[in-house]
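The two complexes that follow have chain A in common; it is paired with chain B in the first and with chain C in the second.
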Partner chain A sequence: MMEWRWDFTFEILPRMLWATGNTLLAAGVGYLIAVVVGLVLMLGQRTPSRIINVLVREAVEFIRSTPLLVQLFFVFFVAPQFGIKLSAWNSAMLTIGLHFGTYLSEVYRGALEGVPKGQWEACRALNFSTAYTYRRVVLPQAFPIALPGMGNYLVGIFKETPLLATIGVAELMHTANALGAETYRYLEPYTMVGFIFLIISLPTAMGLRRLEAAVSRAQGNTHL
Partner chain B sequence: MDTIHPQKIAQGGPLVRFADVTKSYGDLTVLDRLNLDIEQNEMVSIIGPSGSGKTTVLRVLMTLETINDGVIYVDGEPLTHMPKGTGLEFASEKYLRDRRSKIGMVFQQFNLFPHMTALQNCVEAPMKVLGLSRDQAEDRALDLLKLVGMEEKKDHHPSRLSGGQQQRVAIARALAMRPKVMLLDEVTSALDPEVIGEVLNVIRSLNSEHSLTMIMVTHQMGFAREISDRVCFFYEGKIAEQGTPDQLFDDPQNERTKQFLHAVLDAN
Partner chain C sequence: MSYWEFLAEYLPKLASGALMTIGVMICATLLAAAISILFGLMRLSRNWAFQGPATVYIEFFRGTSLLVQLYWIYYVLPLMGLTLTPFVSGVLALGLNFGAYGAEIVRGGIQSVPRGQWEAARALNLSVSQQMRSIIIPQTFPIVLPPVANLTVELLKATALVALISAVDLMFVAKQINATTWLSAQTFGTALLIYYVMARIALIPFLRWLEVLAARKVGKA
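Entry: the complex of A and B
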């Protein structure tokens, strides 16, 4: 039976915290890319051209139907054979951005469809321009609908970052693997990985719930 | 399609003219070569069974939907079409943007903007579309909220207002654009019975004190009878019969009108 060693825990803590920084960076940057990619993919399905809409739709379905890990390996290991050489970090950001961008595009689409048709008609009856209708009426109402889904994918991306260890991004999991290999102690590193994920995920999820409630209140909903 | 030639509508002629207007969805014809003139300051009620095209009349006039044939004129000018050579072609979005403000609409489901207060709901369009300053727009909106008895709730969001109150704000919002003709689409159908009266009172005062031109689609036969200058009975996309309220309700000539009135009045 292996015993927990606090001295070892404190010894590896600085490296684990440094790796936590990398994990947060990967999740944060990956999320920002996904948020923007999602917007582009959503708009790409609402163009006047039916051909473009169908192509983007199929691409979204394709990415959504294949595992993140396979996509990651494809970008990092296979793409170089076709002359596209990306660093581990760049491969990771590209893959996370694209993969979760497809999910976020669905969140946006659902949110836009959640704005009642009558709101569009009222805007037309008041002679608003299309741009103004989006900016002042539709998007402010779509945002609270999209917020829970957007929040879920923020936490979701964070929790998928250990996959990046497989291509050598020096995030938490990768660092725990390395520490285990160096010291033959796995209990403390992996326990710390789990614990660090927990103490970041839980407050983030709680903060997101509060943000949702605050946005809803600011929009004039009193029943929440 | 043959070239459509614009009609000349004389000064003092009808404010709204439907000239042979047809609207269909696939095989389903909702408006069937409809001809209808609405005079200045006239209050016209449209009644009829569901699916008779009565709401579509308002929706195509508000340009929420396009028509397939015919021309609608508002204030002497074609609305659905724009000049092309000596004839007419279907209006572009830009052309519609220049003319749509002559028409205001109140919806069955109110369609207030839920993230704005009652006042903001009424201020937004006059500022952004008509170019009023904030002060001007707020003055106008407050006058109108007072007119509909909602000035004390001006800072409330729609979720904190009853259906009747929301509908009164929606009427003020439409009036703030100073439309030449107001379209009322079953404005009491979504309301609880006890608040219908407050909305009808607002419409009464708009009619009697402000002599606004209004076209009202309604199921409230008593109200239509009381307030209208003219009542049009729609059947299968056409006006089957029209006349003064007394003519239409007391002495209907068309078999369809008789059946409809029997059915509706029996139900009440």
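Entry: the complex of A and C
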């Protein structure tokens, strides 16, 4: 039976908090990449060429139905085999961006399909250009539909970041492993990781729910 | 070494790892399903003694990371006198984690059955358990199954994490082969393909078939 030691907890707290910063950075950068990749993958399925659409669709399905952990190892170990030097951090960002980009592309697709067809027809009847239709009519209506999904994946990426420890990114889990190896105490580091995740992800999830409510209210009030 | 030679030598090993992956997945799915139903119903209870613990459990497991939960069960529980094998730890962590997500699906599914169905069932003088069994539950299946299908695919993917606590699954075998041969593209590429085949050719069609079956059953009823 092992007792919880508060002195040890406070001793390792600064290093844990420093690592939390890295975790947040990894989640934030990974999310930004995923948001952009998702957009590209969504547009890649709406091109005039059917072949491109089908190929992008299959690639999305492949990435979505295989584990992030295996993809992480694939990118990290395969790039050097072909002479590409990719640091653990860059491999991680690339993999997270691609993996969650496929999920976000589905969110965007659902949101665009959620805008009623009549909106497009009305814009065509008013002789708006496609770009203008997207910018002023479709996207403002698609955004509140996409928001819950986008928020979920922000928290989702945050919760997947411990996997990055496996290829050596110095985030929270990696630091907890290192502390455990140095001191032979695993109880405090691993428990602290759990609680740090909890105190970040619960308020974030709640904040996102508020944001969704605010956006849908604003949209409801401001449409012409 | 050509890719065919690689397959001839290492595919049997990868396949035995895949069998372990399937074993972990089936056990974890069963555990998660049981937890989902139990906690989904508890969450709906008006009694705080049921609803409170269910809410805490669901928020806790959804708010923290699966890998953290897995490490905690495998590395910290032994310090408290409970040592579990990698397989059992993996199944337990996956079941508890996905059970929390599943409980929310069950709750949503039951809540989405129109009130009129409850009222009509009561008007027909059915007991509460009869109302649940023959009126409410059958109607939740078509609502619940699509998100359950997504979650099951996520669970299959998440089983790869058990390799990190040295359960000998597909990912673990792939890591071993990679460490001895350094044929990373072949090794992890093949592992990815096997995961893809399991998800796209076996699991997803099976879940779609269940969805169709459930929809048809309700349509007939």
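Basically, the second predicted complex is superposed on the first by the 220 of 224 C-alpha atoms of A that agree within 3 Å, B and C clash if a C-alpha of one lies under 4 Å from a C-alpha of the other, contacts with A are read in each partner's own complex, and residues count from 1 in each chain.
Going forward, a contact is a pair of C-beta atoms (placed from the backbone, for glycine too) under 8 Å apart; a residue touches a chain by one contact, two chains touch by 3 or more.
Note that the coordinates shown come from a computational prediction; the quantities given were computed from them, not determined experimentally.
Placing chain B and chain C on a common chain A by superposition gives a fit, with no clash between them. Contact with chain B, but none with chain C, is seen for A:G118 once the two complexes are overlaid on the shared chain. Looking at the shared chain after the overlay, A:T166 reaches chain C, while chain B stays out of its contact range. In the superposed model, the vertex angle chain B-chain A-chain C (Cα centres) comes to 100 degrees (nearest 10). Contact with neither chain B nor chain C is seen for A:I51 once the two complexes are overlaid on the shared chain.
When the shared chain is aligned, chain C comes close enough to touch A:Q81, but chain B does not.
Within the superposed three-chain model, A:T66 lies in touch with chain C and out of touch with chain B [touch as defined at top].
In the superposition on chain A, A:L126 makes contact with chain B only, not with chain C. Taking chain A as the reference chain, the count of touched residues is higher for C when chain B and chain C are set side by side. In the superposition on chain A, contact is made by A:R136 with chain B only, not with chain C. With chain A used as the common frame, the shortest Cα distance separating chain B from chain C works out to 24 Å.
The touching residues of chain A, counted against chain C in their complex, run 1-2, 61-62, 65-71, 73-74, 77-78, 80-82, 159-163, 165-166, 173, 176, 180, 186-187, 190-191, 193-194, 197-198, 201-202, 205. Residues 116, 118-119, 121-122, 124-129, 132, 136-137, 140-141, 219-223 of chain A touch chain B in their complex. Chain C makes touch with chain A in their complex at residues 59-60, 63-69, 71-72, 75-76, 79-81, 153, 157-161, 163-164, 171, 174-175, 178, 182, 184-185, 188-189, 191-192, 195-196, 199-200, 204.
Only residues 62-64, 97, 100-101, 103-105, 107, 109, 111-117, 124-125, 128-129, 157-160, 173-174, 177 of chain B touch chain A when the two sit together in their complex.
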